[in-house]
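Report on the following structure.
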Amino acid sequence: MEKILSQEKLREWVDALDDCEVYAPAFADSVWNFARVKAGADIDLSHTNTIGSVKEFAFPQREVFFCFEKKDGVPVLTPTLPDPKPTVVFGVRPCDGRGMPRNDTVFNKEFEDPYYWARRNKLTLVGLACNQPHSPNCFCQSVGGSPHAEEGLDILMTDLGDRFHVKGVTAKGVEAMERGRDAFDAVSDADQAEVEKVHATSRSHSQRPLGNLDAIAEAIRESFDSPLWADMAQHCIGCGICTFLCPTCHCFDINDEVINPTTGEGERVRTWDNCQFPDFTMHTSGHNPRGDLGSRLRQRVSHKFLYFVENHKTQQCTGCGRCITECPVGIDIIAVLERVGQS
Amino acid sequence: MSNPSKTTEVQTFEPRIVAFLCKWCSSAGSDLAGVSRIQYSANATPITIPCSGSVSPMYILSAFNKGADGVLISGCHPGDCHYMEGNYLARRKLYLVKELLQFIGLESERFRMSWVSAAEGVKFAEVVDEFVEDLRVLGPQNRLKAER
Amino acid sequence: MPAPDDWTPRSDAYFASPLAQGTPGKQCGLAATGDYQPSLRSPWLAAAATVDVKKVARELAKDDGVVFSEDYVYMCSDPGQTAVIDAIKDNDLNGMVISCCSPTLHEKTFRDASELGDLNAFQCEIANIREQCAWVHSDMEVATEKALKITRASVRRVQHNQALEPIGVPVTRRALVVGGGIAGIQAALDMTDAGLDVILVEKQATIGGNMLKLSETFPTLDCSQCILSPKMVSVSKNAKITLMTESEVESISGFVGNFKVKIKKKAEFVDPELCKLCDDCTPVCPVAVPNEYDVGLTNRRAIYIPFAQAIPASFTLDEEACLGLDPVVCGKCEEVCDVGAIDYDKKPTVTEEEVGAIIVATGFDLYGMEHMGEFGGGRYPDVLDGLQFERLCSASGATEGHIMRPSDHKVPKEIVFIQCSGSRDPENHCAYCSKICCMYTAKHATLYKHHVPDGQAYIFYIDIRSGGKGYEEFVQRSMENDGVIYLRGRVSRVYEKDGKLKVMGVDTLAGRNVEIDADMVVLAQAMEPSKGTAEIAKILKIGRDKDGFLAEAHPKLKPVESVTAGIYLAGAAQGPKDIPETVSQAGAAASKVIALLSKDQLAHSPTVAKVRDPYCTGCEMCVDACPYDAIALVDGKASVNEILCEGCGSCVGVCVRAAIDVKNVTQLQIHEMISAIMA
Amino acid sequence: MVNVEEIRGYAAGLLEKGEVKSVLGFRRGSASAFAEPCTLIEASDAASLVWDPTCLNNLALYLVKDRKQQAVSKTPDTRPVGIVAKGCDSRAIGVLLQENYFKREDVVVIGVSCEGTGVVDPRKLSAKLKGRTASRVTFDGADGINVSVYGDGTETVIPAREVLADRCLECRAATPTLNDVVFGETVEARGYNEPFHAAKEAEKVSEDERWANWEHHFDRCLRCFACRAVCPMCYCPECVVDSTTFVVTLGTSAEEKANRIRWCERSANTSESAVYHLTRAIHLAGRCIDCGECERVCPVNIPLRLLNTKLEKEAFEMFEYQAGHDIEQASLLSSFRDEDPNSFIR
């Protein structure tokens, strides 16, 4: 289903989704990030890309698995599966959209993660094509994506200035459009031509190239013991920015948070974890197989461009560029791949 | 929630206070209150520590995190520290903690410090009672309490 | 959903869950009941609250790690302690909490019992549910709830207590006595009798203190100097006593058994070894200043001997009064001294002495006359304080024992004594009773009548407090034999009129105003701690009470101990007292020191700081914060001298890395206690 | 104006003469307009050094990292390290020296005065550009910052005070006081904001508003720990709050592992993040030298610097204490004065 939606009617459509929780990018605290939209009038799709990725809607920072307590000395567990309202997220950039199927694969590989899917199944992603790159660090096209890629999105919107071209990609997307059908107009030939032109222009913007991804995978495999990693990670501070902001990083930690030590009452909680943290691979013995920053950088890059490819036949990077832009010390995954490729 | 029920809630609200008392002065002062049979609110549960100077800011944050409505730290009067200087160190450190808590908007009445000597059983009881009264007005502490 | 049988809360490998953690083994919470049960044993208890200890014991029995929990009446009694010992043995306990009274009362009792049950003393903790709970809360339900929290917190603490052994500390078998009055003299002599070496430090030029100034002593009226001088001579002749006059304690470091004391001695311008007491120097001295020994009733020179029998027997030079420290200005005494005992170039010296124990006997001063404006204190020369009157009566005084008015040297025929001058007046003066004034005023009046048989003595009093052997009889004698008129009431004002002192008072028994034209008025001034008591207390780190007297560790059970181990109190520095009481206390303090220093080693508390090496970065914050200089960097890491450490935890409070803990009060334990309270 | 050639020449000289094993400095980044840290080993590398308003990092962090590396190295290289340091960076070195983290002779401080300006706040710049990225940022005379915008190629001059980092606007000592050499002029009067301006502003609003603000911020925290990772003062072997840096050695007993205190949970909750940030703030009291790195790196732009400057303000006003000004002084919290505030105590 393809429709035209005028800028003014956007709010009508959003208001029609009143049985859903609607999120859209908002510029607050000097950053764009997803925020709850209370009314259609609040929506603003002039954003670049959000600082946090859309993954947190299915894989939140904190997920309670179950509660536990002791009753008469016997441990009792109470499961706590999330039951969210249907959620529609607007303004998802295609790179983030492409991240979601990769996360879906992970959480559905050997074990269907009920917590992830309880949220994921309620999620409708409304994408917005990028008419131009937001930063010099956008490289979606270098990893097989495009500024108007539909993969992972339920709807793709394209900004045509005074109006949007809206395409229902999945049944879920079409259903969401149906809900606000009065707001939409039919697509004219001129509209169609303009969309194609905008898309073509967006593709034509130069992005930093990565070269042959197979060759990169091979180069990574061969450089496992290379001193290059330590050199490239020389200024890494070991924070979690690159992975926490990444639309496809999905590592987690599980802890028991005890509320009442006397009654043994508490919760088992999943939180984000991060391969860049020193304790990520720390063994009880004190041995750490990835004890230095170089090996951790290698892990992050290898996971995205080698191991994930081996397991899932695709890169685990969608070229959003967040890890480059937000790195406090300028570690640049493209430059890293270039150097590995050259070695 | 309707207003009347809220009022009832305020009236029945019993603040929970963690009171860190130095062993030599304030804990002894509270003992004197006991020996003198001075009656005061039971809302403050004491933890006796060697000296107010041994209080780590973590104790205070942790107590609030675990749901304390108020935290009291009580030590020897300046010049009277059994360990000579511990209370001076405490005063500087806890001044900063207090300022920080106020800065982030925790109600300023929730963190209190007092000097209570071993001879001041009456004062100890007053300090606790006043604290409890002030906290009753404020109601439960939800700002730093773990939302679990 | 049912939990699997072997389920325990999982956690990150490095964060053991509090449920899963805890010392393996068993803990015990013993809840003891005492006389705070709902019995109405004492009149307080009807109003006071109570804790349902049975419930506390019952609830605790359910808690994780608690294997034995029981309540018992009089846990501290012999059968109670036997029950404790049996409980430890029967249940193979590795930790124990006794919920009872304040640990200051029975911590030692139960720790001793623990040892008898083969449980390390430091694995026994006291939860105070009496002074801090049962006695101060009236609602049983609320108090019981709080008692539960207190006890639970202690249980969680004891689960992490380490077994500790006291640290043996070698002892310096020497003692320091600060103050050379009768208290200091007595304590010093008693200690040398037991073979201890003693350093006696006195601020003044001679020992003897205030007692030296007294004429006769009540109730026997024996001559004060006659009984004191022999003791002073014993001090000077005693090889085991190092006497340091005109000296003051400057600083102290160390701890019980091992103090290091810096003593500053004023410049010794007159060499006592050389001085022959020829008294050639005083006639040439051009300076006259009030004589302290005569309480300002006479003058002395800048070079002087306090009095003929001074110990040490030597002239001394008053640095402040002397002109001659600059020889260009004066230098007369040096010229006339044949033996060359005088040297203006002498400098003050500071010596460091090592001692094992200290007795503080810094005595009293009289409350200043300048405060007594309404009685003409400090304004009229014939209004005297008690000590000045003593000097008038004394054969060694300026008047050679003749009572005469300082103003015109006439014998006073009407004399008024005002008791409680500056005492028992919390609004304006001292709140406390100075205790000895009733007696010495009776003595003064008696002595007056002995000197001036035709004179009339009046005493204004509030109460007569004559508790003491032979005291009441003495007061009665003064009334009956010496015709002293006791007027019960206060004096409102004393003023001078026509060469007389008009005393405006009230006789509350007769219910009338009294007006006396007196020739002399003597104020029984309150005793206050001697000047410098605050400083010495600060230097020695011992507490003072609200009136400024040195504070004893316990008003009843530790009356001669200060709050700091190894420092003892004697005499009026601790509170107003008369000579026999002072001497008794001095003897008691001396015997405490003798007992303390009779051991080869002292046991130092093992609850000291311990550095967690891997966490320490050597930033030295703890080093700066430690009041005992107990921490130093060794190989870039903090290292604790356990003997110096007092376990105050100042280091813990400043260490941002949590790299230091006080044993058995660790941050983990405090965290657990907070958790238990907030649960 | 600072002549970058002088810095390059000095750095090259140090390396040439073998006086240092390396020089920490800034070079042009590959990814954006902002400079990135670099470690020069060869004198010939010195040509890559840059100096402009995008030299944001506090390189003292890498002195800490070097020391940590040398501590575990089998063949430690104990030669000194050269470091390009701004005023704030030099104060960080001061605190590290005060805390005996290394010795004065272990470091050669190549001081660079920020003169009248300072460094750009990337968030302010981003806000100015409504989220767009700058492709080039340079000084433009005394008071302007010249910015080229990525994508549309436009170039604008923005008044410095509008995009300078808050810490630079409030800076009291833009010239490194601890140094072996200083490039650039010492500029006393800066004419921007009074010291602690932002913290004072934040204090002005009501208690409830303050909490609303901080609740909002703590709630947004991702617990990525970038603030801690970037802080040169957060060099603890293991953080007391939420530890991702365990000190576990072969000698660590099971009991020690089990007895680790969990002051707060790893959950990115308001309450847990509050404990984390407040702990960090209080542990930096008297140690924070206001390099603003914590705030700069925060991906969700939590104004973390306020927490620290609030305490530094109190330290300065109440205790006359300034972090990093005197390497001999006892630290703020392990010292006291009789006249310290007492009236807040009952």
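By written order: A, B, C and D. Residues from 1 in each chain.
The rule is short, and it goes like this: contacts are C-beta pairs under 8 Å (C-beta built on N, C-alpha and C of every residue); 3 or more make two chains touch, one makes a residue touch a chain.
Everything quoted here is computed from the prediction, not taken from an experiment.
Participant: If I average the C-alpha coordinates per chain and also across every protein chain shown, which chain's average lies closest to the global one?
Facilitator: B
Participant: Comparing the two chain pairs, does A-D have more C-beta contacts than A-C, or is it the other way round?
Facilitator: A-D
Participant: So what's the Cα centroid distance for chain A and chain C, whole Å?
Facilitator: 72
Participant: Which whole number of Å gives the spacing of the CA centres of chain A and chain D?
Facilitator: 30
Participant: Taking each chain's centre as the mean of its CA atoms, how far is chain A from chain B in angstrom?
Facilitator: Result: the chain centres lie 46 Å from each other.
Participant: Rounded to the nearest whole Å, what is the centre-to-centre distance of chain B and chain C, using the mean of the C-alpha atoms as each centre?
Facilitator: Going by mean C-alpha positions, chain B sits 30 Å from chain C.
Participant: For chain D, write out the residues touching at least two other chains, lowest number first.
Facilitator: 240, 243, 246, 248-249, 252, 257, 261, 263, 265, 269, 283, 333-335
Participant: Going by the contact rule already set, what residues in chain A reach two or more other chains?
Facilitator: Only 253, 255, 257, 266, 279, 282, 284 qualify.
Participant: Tell me, which residues of chain B touch at least two other chains?
Facilitator: 58, 62, 85, 89, 93, 146
Participant: Give every residue of chain C touching chain D within the complex, in rising order.
Facilitator: Checking each residue of chain C against chain D gives 13-16, 20-21, 23, 160, 614-615, 617-625, 633, 636, 653-654, 656-658, 667-668, 671.
Participant: Can you list the chain A residues touching chain D in their complex?
Facilitator: Chain A residues touching chain D: 27, 29-33, 46-48, 51-52, 61-62, 132-137, 234-235, 237-241, 244-245, 253, 255, 257, 269, 271-272, 274, 277-280, 282, 284-286, 324-330, 332, 334-335.
Participant: Would you tell me which residues of chain A are touching chain C in their complex?
Facilitator: 66, 68, 70, 74-79, 253-256, 258, 260-264, 266, 268, 279, 282, 284
Participant: Applying the document's contact rule, which stretches of chain D touch chain C when the two form their complex?
Facilitator: On the chain D side, the touching residues are 99-101, 235-238, 240, 243, 246-249, 252, 255, 257-263, 283, 287, 330-331, 333-335.
Participant: Considering only the defined contacts, which chain D positions touch chain A in the complex?
Facilitator: Chain D reaches chain A through residues 29-32, 34-39, 57, 61-62, 123-124, 126-127, 130-133, 135, 150-151, 217, 220, 222-226, 228-230, 243-246, 248-250, 252, 257, 265-269, 293, 296-297, 299-302.
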